[in-house]
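Here it is: the structure, laid out below.
Labels for the chains are A, B, C, D, E and F, by order of writing; each one numbers its residues from 1.
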Amino acid sequence: MELFSDLLSTFASQLQKPALAFLLGGMVIAALGSKLSIPDAIYRFIVFMLLMRIGLGAGIEIRAANFGDVLLPALISLFIGCAIVLIGRFTLAALPQVRTEDGIATAGLFGAVSASTLAAAMVVLDEEGIGFEAWVPALYPFMDIAALVLAIVLASVHAHKQNGPSAKVALGPIFANSLRGSALSALLLGLVIGLVSRPEGVFEEFYDPLFRGLLSILMLVLGIEAWSRLDELRKVAHWYVIYALVAPLVHGLLAFALGYMAHLVTGFSPGGVILLAVIAASNSDISGPPTLRAGIPSANPSAYIGSSTAVGTPISIAVGIPLYLTLGQWVFGL
Amino acid sequence: MTHHATKISIITEKLNEQQIEQMVVEAGAKGYTVFEGSGRGSHSLKTRSRPSVVDAFSLIKIEVIVADREKADAIVEKIASTYFKDYSGIVYMETVEILRLEKF
Amino acid sequence: MTHHATKISIITEKLNEQQIEQMVVEAGAKGYTVFEGSGRGSHSLKTRSRPSVVDAFSLIKIEVIVADREKADAIVEKIASTYFKDYSGIVYMETVEILRLEKF
Amino acid sequence: MELFSDLLSTFASQLQKPALAFLLGGMVIAALGSKLSIPDAIYRFIVFMLLMRIGLGAGIEIRAANFGDVLLPALISLFIGCAIVLIGRFTLAALPQVRTEDGIATAGLFGAVSASTLAAAMVVLDEEGIGFEAWVPALYPFMDIAALVLAIVLASVHAHKQNGPSAKVALGPIFANSLRGSALSALLLGLVIGLVSRPEGVFEEFYDPLFRGLLSILMLVLGIEAWSRLDELRKVAHWYVIYALVAPLVHGLLAFALGYMAHLVTGFSPGGVILLAVIAASNSDISGPPTLRAGIPSANPSAYIGSSTAVGTPISIAVGIPLYLTLGQWVFGL
Amino acid sequence: MTHHATKISIITEKLNEQQIEQMVVEAGAKGYTVFEGSGRGSHSLKTRSRPSVVDAFSLIKIEVIVADREKADAIVEKIASTYFKDYSGIVYMETVEILRLEKF
Amino acid sequence: MELFSDLLSTFASQLQKPALAFLLGGMVIAALGSKLSIPDAIYRFIVFMLLMRIGLGAGIEIRAANFGDVLLPALISLFIGCAIVLIGRFTLAALPQVRTEDGIATAGLFGAVSASTLAAAMVVLDEEGIGFEAWVPALYPFMDIAALVLAIVLASVHAHKQNGPSAKVALGPIFANSLRGSALSALLLGLVIGLVSRPEGVFEEFYDPLFRGLLSILMLVLGIEAWSRLDELRKVAHWYVIYALVAPLVHGLLAFALGYMAHLVTGFSPGGVILLAVIAASNSDISGPPTLRAGIPSANPSAYIGSSTAVGTPISIAVGIPLYLTLGQWVFGL
């Protein structure tokens, strides 16, 4: 009961946070038919700035990290990415009303990671004064790539069964393709630059101070986009909506449990556990879709983009972040 | 002193751009021109003004002029059979007049 | 094995985009494609490179392919009579060859 | 005489201000044929940033405001918006050399408000240390919408008389259309977010510090644009130029007088009176034109955009702001 | 009630835009429309998605519709002889149907 | 020997600097096929911001400068611009494997100046605490225009000889054309605004703090661009690569020597000498190419852009800046 009332008060206080206000604001003005829009070039630049900031920050601090500590959370991330896709494969994709390829692609997108949700969660933890290991954002690629690759493999196995023996799936290009996406490239480039050079100056006077402000604009874009994609969702089975509402909760709790285990075993920080849950609950909104479109061409993009952009992302930001935050505060007595 | 040639127009998802361009060149076309656009067809609406969170799905139009009609037919055939089962898109041909036959 | 169809090209102010698209769809077209451009005509010069402080006046070209010539004539007629008294714009038609008759 | 010499010295000191320097600089480089241009995406982003900053700022501080105080200035703003259009209707639009629709549309544009002029005036007042009520920028929509709606209605009444009974003007869509424009949407969204959530952090570390810098770039764009539109102005009657030079003065003085009245009655601040005069003297350069193009399609855009962008905006920034500032300093003994 | 006219399409480097537009107008065309694009031909590849550090080399397509065939031939001739020795580009013509003969 | 080991340690420490890290990072991700790209509008805006910052900074401080001091360095800059083109004319362009026009255009590009290299060098000097006269960046146009104009004249003289008497070259339009380019326009506009108005506020709170961060992104763009242009380089003679590797060294040393002379004669600062060498060693990557394309249409752009963008720029940033810095520290005992 206490957890529940804590949750309510966390929600109330998150509603005051600009990130959420801009997200909801974007949905409201799109619903009212406003012509306000953020130019595409600006949107893409903001995504670059956020991921570069996250990468640089992780890279700078990771220099001092004990690589042994990273191992368990990285394996857990890999595992979660795969688990989410398998769960989706045998629930959503197995439903008779859902085309198998569409279901698998959707599961892949929910297994992959949203950079914006990650950024929003980092800001919230920061504001709450909850620390986490600098390398936690670097867990992103492990979960992201695992989920996308597995989804593409499962879809191809399915096509194989349907159409008789076809060409084998080449894993190499799928890996390469997802690493080359603009989001992961920016994150990893920042990570490497942070590791091998001394970008502290530029980080502290440029990338870091602009982080929260640019995030507020990204939230506005995501809100507008979410509303505009609702239409697309109407064309597909109701199951997608139900999945998009329920699955993130399951994924986040699973990740929280495994993160808690790592906390007990290797002292993974409470903030890290919360962030891991948020990452797991999030769904890829930027780089996942094109990777899946290329990897599972027969899947209908309206199905997976509709459910992730219109439902999954707003839910994981507006509900997921406060939820895992409260859970963390409660479990770790923060 | 003009000559007749066939202009092929391919409207499809940007995602396919590189592969189609390669296919067109391998089929013997000496050049192509690409424009960005948006549109609506039997698949869902493509938009332009909003930031396309998923830019790879936005539309392009590839125009290819070839002097040899058979080459044109082969290109059109190849593209229609490879892409339009899974991806949105249309392809059509027009007759155009050109000056320098050797360029096409 | 190609079929003939009519491609309608409408060049007009962006401001009219949504209404024209709706009109085209209501007139029975199964799709359309839109490109942004700039140009000069009898009205004042439209520019592209500068920030168009008044973006709504920049130009678009809407291309609509319909298999049925009468449908094409009706669309052209409707648009010319509705828009070109007050707004800048032109409309013209071309014959194109298509593959899948049922898509247009 | 003293007022006049004060005016001269204010002018001289405003010429030193970057806003004006960038505006004039833009005109000069355009005149010299420079290829320098600010990309359209950047321009639209800057407008968003400025309006969001203005909206957030007003929203944050308005929480503490006494809504009674707002009432009179809001009514005055409504009244001024309408008065400007009526003045234009019976002067400019009544001239035989001017097509009535074109004249009415021009009056509508001069009744509406320029976000850039408003932003420039806020910076000037700030630098002069002259305070104003936080909600003054929120008077913008009242004047803006009143003017645009009335202009469209008058044009339609005129067409009605000319062409015999036609369809009645539906006011609802005109209101909605002008509220949905990107400029008002951004301002109002910022206002609401400022009112209901706690965006102080993001306001103070992002939107506010970038305000003056971004404004300098916007001034450059407006200068370039003003010069490039001069051509268009040459094609229409000289009366447009005369109107664009004289009308802002009349509108600003009218607003100053009414604002002064509010000062006496409800204690409206001197800074508020000056800002009200600046808003009234300004003409809409962003959202007004498309609203009028849609609402009065028979009016020739070259007429109203030429006179407002090429003459009205530079005049109201370069002459109007120093004028009302000096007047304010003189009247209120600042 | 449509008329026939000739649409000229000129694909060339953006650098030449202003001069070609002027040439076209001087040759008697009543308007033109310009689109930005990218492409590949016998000269080096033009790209679109990357920031074109050298924007002036990116491609444009200028479309000009003229009712008078001889005027069209003259424009095409003039442009081919002036530009295509040194600059990349192609030019081609199509027949289109228009409504308002006096506008072209 | 000492110079050499100093050079090595300067290189090592420059490799730690973010500018170089972003440049190399851009090349690496492009080589790996990453889809990461900075939108064109952002790239153009960044170039504007950097040049406006440089111009404003120079303009603000130049007010107090002694114009006599500027004269000698300005003449030297003019001279270097011409000398570089003449050297290229009688080496690269005289080779039988190189088309004369292509060689002249390439020499013109290497004689012209790179705004990004200039900006990167300013940041490095700043970090090393080495001062320079505020007007040194204003030497840019002297060298830039001299080189471009001379290259166009030489190419036209060459065409004249080949094709028999042709129309004379009009110098006026070439000058005007290069001044009107977006890069020089921005620099000069900033210079004038800095000189005649008081933009200190906007300079210190906007243009200056964003300088290093935006430069890091520009370096990324240049790295990506350099890699992507390598292809083009493969199509032209090897001599271009050799020229692009060797010529900047020659140009920089020449400028260093002449700058040193000015140091002895008029007290030109050590930082100024270093910056002059960097400017001379740099090649124009933004405004030079279109000017040359228009002025020498028969030259093949792949030749000059390939060698300058793919080789010249990375070399002058990664090798040139540390080299002239070390030389300066060594010569002036800094």
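Following the convention adopted for this analysis, contacts are C-beta pairs under 8 Å (C-beta built on N, C-alpha and C of every residue); 3 or more make two chains touch, one makes a residue touch a chain.
Note that the structure is predicted; figures quoted are calculated from it, not measured.
Between chain D and chain E, the least number of touching-chain steps is 2. Taken together, chain C and chain D share no touching chain.
Annotation: the chain D:chain F pair of sequence copies touches via predominantly different residues, less than half of the used numbers being shared. With centres computed as the average of Cα coordinates, no chain lies farther from chain C than F.
In terms of their C-alpha centroids, the spacing between chain B and chain E amounts to 19 Å. Work out the mean CA point of chain A and of chain E, and you get 47 Å between them. With centres taken as mean Cα positions, chain F sits 42 Å from chain A.
Touching two or more other chains at once are residues 35-36, 94 of chain E. Multi-chain contact residues of chain F (touching two or more other chains) are listed as 37-42, 44, 210.
Remark: the chains found to touch one another pair up as A-B, A-D, A-F, B-C, B-E, C-D, C-E, D-F, E-F.
The residues of chain F lying in touch with chain E in their complex are 37-40, 42-44, 221-222, 224-225, 228, 232, 235, 285-286, 289-290, 293-294, 297-298, 301-302, 305, 309. By the touch rule above, chain E contacts chain F in their complex via residues 13, 15, 43-44, 47, 49-57, 86-87.
The touching residues of chain D, when paired with chain A in their complex, are 39-42, 44-45, 48, 176, 179-182, 185-186, 189, 192-193, 196-199, 201-202, 205-207, 210. Residues 2, 5, 7, 21, 25, 30-36, 65, 94-100, 103 of chain E touch chain C in their complex. Put simply, chain F touches chain A in their complex at residues 15-18, 20-22, 25, 28-29, 32-42, 127, 209-210, 212-214, 216, 220.
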